[in-house]
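What follows is subunit A paired twice: with subunit B in the first complex and subunit C in the second.
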Partner chain A sequence: MATYIIRRLLYAIPILIGVNLLTFALFFMVNTPDQMARVQLGEKHVTEADIEQWKAERGYDQPLFINSEAEGMGTLTQTIFFEKSIKLLAFEFGKSDEGRSISADIKERMWPSLAVSIPTFIVGILVNICVALLVVMFRATSFEVAAMALCVMLLSISPVFYVIGGQFFFAKLWALVPISGYLPEEPWRFVLLPVIVGVIAGIGAGTRLYRTVFIEEANKDYIRTARAKGVPELTVLFRHLLPNGMIPVLTSVVVIIPSLFMGSLLVESFFGIPGLGSYTLDAINAQDFAIVRSMVFLGSVLYIIGLLLTDISYTLVDPRVKLS
Partner chain B sequence: MNLVQRLSALLALSLMVSGCGDAIWNNPHPSADRDEVVLYSNFSERPKHLDPARSYSADESQFIDQVYEPPLQYHYLKRPYELEPATLTQMPELYFLDEEGNRLPEDAENPAYSVYDLTLKPGIMYQPHPSFARNDDGSFYYDFANAEESSAYRTLKDFTEMGTQELTADDYIYQIKRLADPKRLAPLRGLLSKYIVGMKEFSEEVAARRENMGSNDWLDLRELEMAGLEKVDDYRFRIKLKGVYPQFQYWLAFHFFAPVPWEVDRFYHLPGLPERNITLDWHPVGTGAFMMVENNPNSQIVLQRNPNFRDDFYPTEGMPEDQHNGLLADAGQKVPFIDRAVYRLEKEAIPIWTKFMQGYYDRSGISNDSFDQAVDMSSDGINLSDDMRSKGVHLDKATRPSTFYLGMNMLDPVVGGDSERARKLRQAIAIAYDTEEFIQIFLNGRGEPGMSPVPPGIFGHQVGEEGINPLVYDWVDGKPQRKSIEEAKRLLAEAGYPDGRDAETGEPLVLNLDITSTSSTKARLAWMQKQFNKIDLQLNIRATDYNRFKEKLETGNAQIFFFGWLADYPDPENFLFLLHGPNAQVDSKSGVNATNFKNARYDELFAQMKLLPNGPERMEVIREMIDILRTEAPWTSMFHGHDYMLNNAWVSNSKLHGISKATLKYIKIDPELRQQKQREWNKPNLVPLVLVILLLAALIFPAIMVYQRRQKQTIGE
Partner chain C sequence: MIKPVILWSDVLIYLLVISVVAFLIQLRKRPQTRERWRSVFTSKVGMVSFVVIAFYVLVALLDSLHYREALPPSGEGEQTTAYSSEVKSVLDVVLHNLHESNEKTYSAPFAIYSFAKENLEADDGSIYRDYPRLEHAGKHLDDPSERTGDILWRTLVALMTGLLIAAVLIGLHKYVLRGSDGDNGIPWKAAYITIAILSMFTCWVIQLSEFYHVMGTNKVGADVMYSSIKAIRTGVLIGTLATMVTLPFAIILGISAGYFKGLVDDIVQYLYTTLSSIPSILLIAASVLLVDVYIETNAEEFNLTILRSDFKFLALCAILGLTSWTTLCRLLRAETLKVSQLEYVQAAHAFGVSHGNIISRHILPNITHIILIALVLDFSMFVLAEALLSYIGVGVDPSMHSWGNMINAARSELSRDPFVWWPVISAFLLMFTLVLAANLFSDEVRNAFDPRTVKEGN
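And then the complex of A and B:
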């Protein structure tokens, strides 16, 4: 397995370089450093000298890919591409366009993101699996029809509606939790509502997906045999069906785990959670491309890790799977 | 007790709990705050810069203007806006010199130099800060040879040893030198270099020195001299300007001229600190009423009363209505009134409004979403709704010293230029574009049509019949009435576009509006097209991203665009310079004259107006300048925005100031009333929760029953 992991990690390098190249092209071909400087320096009393100074301080005064004035390796390393993109491969995020250390910001903002995303993820999966098993248990009954209709309804509603509805009922009308915000000293009060909203918003899609998986599994011989032996239905579901139905569940679940770190753009923005999701959104709005580039890179890395973890998890839940 | 009985008991218990007791569950503020007088507010844009040399936005000023004290400040209550000494003993003494340095009489014409002589109040102390901490031998307590030594200090809070020192003239001089330092990217460097003697040379010298330095190395600016700065003694210094620049006094009330001691600059350049975001750009240090004790732009910014703040008092004079509005109830009292101000990052309008209504934010603006809930529009203007009045909310209104306009690119071959044809086209558009309707529909009535670039409250603004733009309005029944569409069509025909078609080619005239893609809603754009359609013109919307839009303006490729300006200082020069020829954007690259308007007579009058004191002579010059602008119409369809601020019942002394943001020290909070109202308005209601639990139980219980029945089923059943 070690060989497989090493090989997969090596495959990741060209993918990450490709992602970097693509994001670099998108940002620097569309927006020149001069335009970035003007956005950051504002509207009033900005001189050409200020723009040049801003570019020089942030290394945007160098050529994009090839520095013909430099010598040796400098022709490649003294370029914007090397400084701003290749260094990301060593996780050197540098400073944002407004001058703050991106690494320091990421370290600070990852905790609120995790405080919301991990409970939402865990509770969400548990609820979805339980509801899906319940539906499977009552298969071909009017309960299943009603549950699926409810799931489709939940699935069809915009996530924004859940957020606004949750804020209206839980925070405004019933005054049970703060409507938004985050205090590191008492995070649970602020995390409760986003988690509830996140879990409810995910029930429709999650239940439908897991139900499909579990129904397929429920039709197999070993389940029929277990039932024929008189094994109680709950034991059949949780002890026999669930472990065997985990492979497709893992495919959709494990890949998400590393990305939990990145937070949610929507939830963090609406609930005022100072996590990495809102960090990315703010950077996009402020055209702070240094942050956006770093977050895109980080997202790619985490996604690749997620895929790798998914492969590894197969071997753990299904001994027949061998990584080679 | 069976399950149903248990659930009923639980429901009864929760009903008893609900509405009882004083517990508030949805309070977004920590309970520890309750012992202090705290003002709660919010911010939606992360401040980018808090360095007084660099910061240049209202979002940032609301924080740093409470911390820094420039030499002058604006009187809180008086209108029109009036300057007064802040850290000075009196207003700066201004005198003039000839080329040889001889003092000239006050009425001397074309003096070579102006000198501002500033005298500081003694005994003003800085806030406690680690940069001032010293050992017994006078050496700095915090001094690191390399980044390794400072590695234990991750944030500013890790520096526990504090010190303070007295404000001296050196600190102001040091800050002016910082303004000249190219590394600081001070927005005012270009402008001030034209006036402050030796500033340009100083910048060049600093740039040369920095060539061999690391980007985070400290350059002690005391080592370099600026010819226009002179320290007389610890409490007195002089600034020498080239020629005359009367508007300079207003800059002395801006945080650009706030003091920064060299000790602070040294501290923030200690090895390793800039890499950890411990910089002056994030942690301001001043002599103001408040000090920033937490700057987490990702979450919250907290200002706390500066224990070393000088004796400063609430104004004893104001406008006649201020007495009636209770704004002089605390006259002569020592300020500030509050202990802390907590600003929370809020990106969305709904939570901001909800928290204000729940009493968790003390003050709030009025967003379009909550407008109908907050105020009623009637014939006598905009007033609080009954709901707001019943909660004791009071409303502050003020005209923002700003002007928004529909700009015509004067370099454009169709709408621009000096020809009669283009001029009449612009005038026709000015009539057709119904600004009053725009304000009603899209601003909820929060604005007024602009008759000239000079907004209300600024010298040069005229009201009544003499103030109207006679090319767009008639004076009817004591109020301005927009000219008819027929008049606009007549002008259009005279311009060579009868019925909106080119008289020579017969082609319909299609004009282009350049906008940023996020700046306007579909409804607003459709409305704008309708305005042009009224005179048979077609309006093509060219939406693009901000950078492309700026590029179009800079290269002169925009045709019609929407733009605005918010005053830096209350002088007509700050608006009329936006149409000054040498500021034309395409020629000067960095200019603010986005329409590229050039008119020799206007420029001549601008040069006169700039130097004149407010009075009849200046007014006459401004009138002529405005007449030129009305005729040429590079700006059409102007309006001036109104600001509205809602204050909860426990907030007093609130009066909107259009220029200054350094007003937090005057605001007063009644924490007992706030707590009482918060309890009243936020009683937790548990009934719905219990109902949800009962509903779930009602679903699960039958499922269990069915499950058990199934388990007991036999093949024969």
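And then the complex of A and C:
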């Protein structure tokens, strides 16, 4: 087990280097620092000196890969690639283009993100499983047809509409919760609506997915045996089907657990929650590539951790699976 | 005089439609696949959703024939005709009622008064504030109280016209079918009803728009129904073009990884793990920002607004496709691994059949169902993604009509008092219909083509 984890972690390194190279190519080679400076400083009336100063302040004035003016290791380290890209591997995010420390921002903004994403995740899974079980319970009835039709409809609505609709009805018309904003002292008031919206937006897809899982399980022999023995339907569902059906359900959601940290771009920006999602979105709109690059890197690290956790969770829930 | 304007996206969508038709004709030769498709169309849901999708595609195709009108000669003795800088499409001719009657600002659906108060002059010369009559909507009415009756009467006439057109179409179809053997299980009735509804709706919109704004007007006074219909092209094109971009990557890389194994497999796996580990929205946003910078630095190449927005649109399709092929690639790799272990593939190896022949004759036909299911599913995913991206501000150009841009505007419109609900509802309804139809159709395709669901006996 330990050797497996270590090998997987080593395997993550080339992937992270790949991510870094890709983002580096996107941000610095397709788009030169000169062009970035021009966009940041405004299109017209920019002198060369302004651009040089902007680049120097942010450390973009060095060569991309090899610095022939520096000595020794400096030829490799005093470059944009090393400063901006390799240092990410050591989680040194540096400063944003506005001069703020990115890691301090991340530490401050991760809590509101988690306050929204964790309840949404947990409640969402519980609701989806309950609805899916209900549908499986009433299999081959008109209830199932109606419920599945409803799921397709829910699935066909853009998540943006759930956010707009939720905000409009719950916050504006009925004034049950604040429209947007966040106070660290009483987060639940502000978190309630985003969580509800997030859960409802996920019901369609989630229920359909879990229903197929449960139905696949319900077609297996042990369920038929249990029914043949005369076990009551409810016991079959909750004692036999649910625990076994939970294995694929849980292992399929493990991969997104680390990414909960990143928050949701859409929900956070719409509800004015100062988390990492809105942080990223603001950076995109302000074209602050330093932040976007850091968040891309962070996101891929979390995804890779998620993949690793998925593999480990297989061995935990199913003793037949052995990692090698 | 008109001068055709050919946009790259127009060319691509027509090429795509031609190749799909060619593909379907070619499919007729294969009895097995034909049987599968028949089972898609024998279900009412499959038939109805197909008709709806076909209607949307038709609108998108009409909207993809662009031209510029010649301006009336300004001076005498002019040899060259100047062309208007406004690029129109054939759809604009059909919808001329809708977009040639702009008001000043917001107005509610079927309203004849403006949404905002203005300073008006009374007969005696004094100034008072009230809601002014709209410039175009309802100007044929002398007495505002006649409005309801007028709307109902015109609705009735429009619906009857729609029914008549549908009846002609259906009659034509029956006439064409007269020689064939009965209805062979295809639910034509459901299709006819859908066609009738669509035709009635189209007539209703076109005829009533001559006198009213069916879905009101937006901030600058443009007809909301017009922008939502124009947005159909954006939605349909983004769905189809982005899906087409994913296919070559997913198919070539997925099959070669599963078939050749070893080093090729390692490289492909590395590629898709790296790409899918980057949060897709961030990757898309970053790429779109780069395209923006490229357009800004090469501004002189894009002299018409529509050329610029078209370039950005195609870039968005390419970016969406390039960032979304990983899921399908993974599925295809796994399936190819499975299929290439089968005995007949081993036998083909033993006979010394070349790799290319094995892949095209033995492997590809056995994984087509996965490609097909992913194709239809991706379509609705991309339509939804466009709305989300435009909302975030990295979607299509703001000058382009798109549902995402309309939703984006809804943010401020819903916080007005009284709130402006019609643009967002209009975008919602048209988008919902398309995505719902695509999702239902993809379910039917999955039922017909996925061997696992067939076994379950649906």
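Here is the rule we use: the second predicted complex is superposed on the first by the 311 of 324 C-alpha atoms of A that agree within 3 Å, B and C clash if a C-alpha of one lies under 4 Å from a C-alpha of the other, contacts with A are read in each partner's own complex, and residues count from 1 in each chain.
Following the convention adopted for this analysis, a residue touches a chain if its C-beta (ideal position, glycine included) is under 8 Å from a C-beta of that chain, and two chains touch if they have at least 3 such contacts.
Because the structure is a prediction, the values reported are computed rather than measured.
Student: Let's test your reading of the overlay: on subunit A, do subunit B and subunit C clash or fit side by side?
Tutor: These partners clash in the superposed model.
Student: Does subunit A have more residues touched by subunit B or by subunit C?
Tutor: B
Student: Taking the superposition on A as described, I'd like to know which of subunit B and subunit C A:15 touches: first, second, both or neither.
Tutor: It touches subunit C, and subunit B stays clear.
Student: On the A-aligned overlay, A:108 touches which partner chain: subunit B = first, subunit C = second, or both, or neither?
Tutor: Once the two structures are laid over each other on A, A:108 reaches subunit B alone.
Student: For A:172, using the defined touch cut-off, is the partner it touches subunit B, subunit C, both, or neither? Pick first, second, both or neither.
Tutor: Touch status of A:172: both partners.
Student: In the overlay, answer first, second, both or neither for which of subunit B and subunit C A:137 touches.
Tutor: In the superposition, A:137 contacts subunit B only.
Student: After lining up the shared chain so the two structures overlap, which partner does A:181 touch, if you call subunit B first and subunit C second: first, second, both or neither?
Tutor: After superposition on chain A, A:181 lies in contact with subunit B alone.
Student: Which of the two partners, first being subunit B and second being subunit C, lies in contact with A:221: first, second, both, or neither?
Tutor: In the superposed model, A:221 contacts neither subunit B nor subunit C.
Student: Classify the contacts of A:158 with the two partner chains as first (subunit B alone), second (subunit C alone), both, or neither.
Tutor: In the superposed model, A:158 contacts subunit C only, not subunit B.
Student: With the two complexes superposed on chain A, say which partner A:265 touches: subunit B (first), subunit C (second), both, or neither.
Tutor: The second partner, subunit C, only.
Student: Have a look at 150-158, 168-176, 294-302 or 420-428 and say which bit of subunit C overlaps subunit B after the superposition.
Tutor: Among 150-158, 168-176, 294-302 or 420-428, the clash with subunit B belongs to 294-302.
Student: Intersection of subunit A residues contacting subunit B with those contacting subunit C?
Tutor: Shared contact residues on subunit A (touching subunit B in one complex, subunit C in the other): 30-31, 35, 39, 43, 164, 167, 172, 269-270, 281, 287.
Student: Taking the complex as given, what residues does subunit A use to touch subunit C?
Tutor: 14-15, 18-19, 22-23, 26-27, 30-31, 35-36, 39, 43, 152-153, 155-161, 164, 167-168, 172, 215, 219, 259, 262, 265-266, 269-270, 280-281, 284-285, 287, 289, 292, 295-296, 299-300, 303-304, 307
Student: Report the residues of subunit B in contact with subunit A in the complex, numbered from low to high.
Tutor: It is residues 24-28, 30, 46, 48-49, 56-57, 182-183, 185, 187-191, 215, 275-277, 279, 281-282, 296, 298-299, 344-348, 350-351, 354-355, 358, 546-547, 550-551, 568, 589-590, 592, 682-686, 688-689, 703, 706-707, 710-711 of subunit B that touch subunit A.
Student: In the complex, go through subunit C and note every residue touching subunit A.
Tutor: On the subunit C side, the touching residues are 270, 273-279, 281-283, 285-287, 289-290, 293-294, 296-297, 380, 384, 387-388, 391-394, 403-404, 407, 410-411, 414-415, 419, 424, 428, 431-432, 435-436, 438-440, 443, 456.
Student: Using the touch definition up top, name the residues of subunit A that touch subunit B in the complex.
Tutor: Listed in rising order, the residues are 30-31, 35, 38-50, 53-54, 57, 98-101, 104-105, 108-109, 112, 134, 137-138, 143, 164, 167, 169, 171-186, 189-190, 232-234, 269-272, 274, 278-279, 281-282, 286-287.
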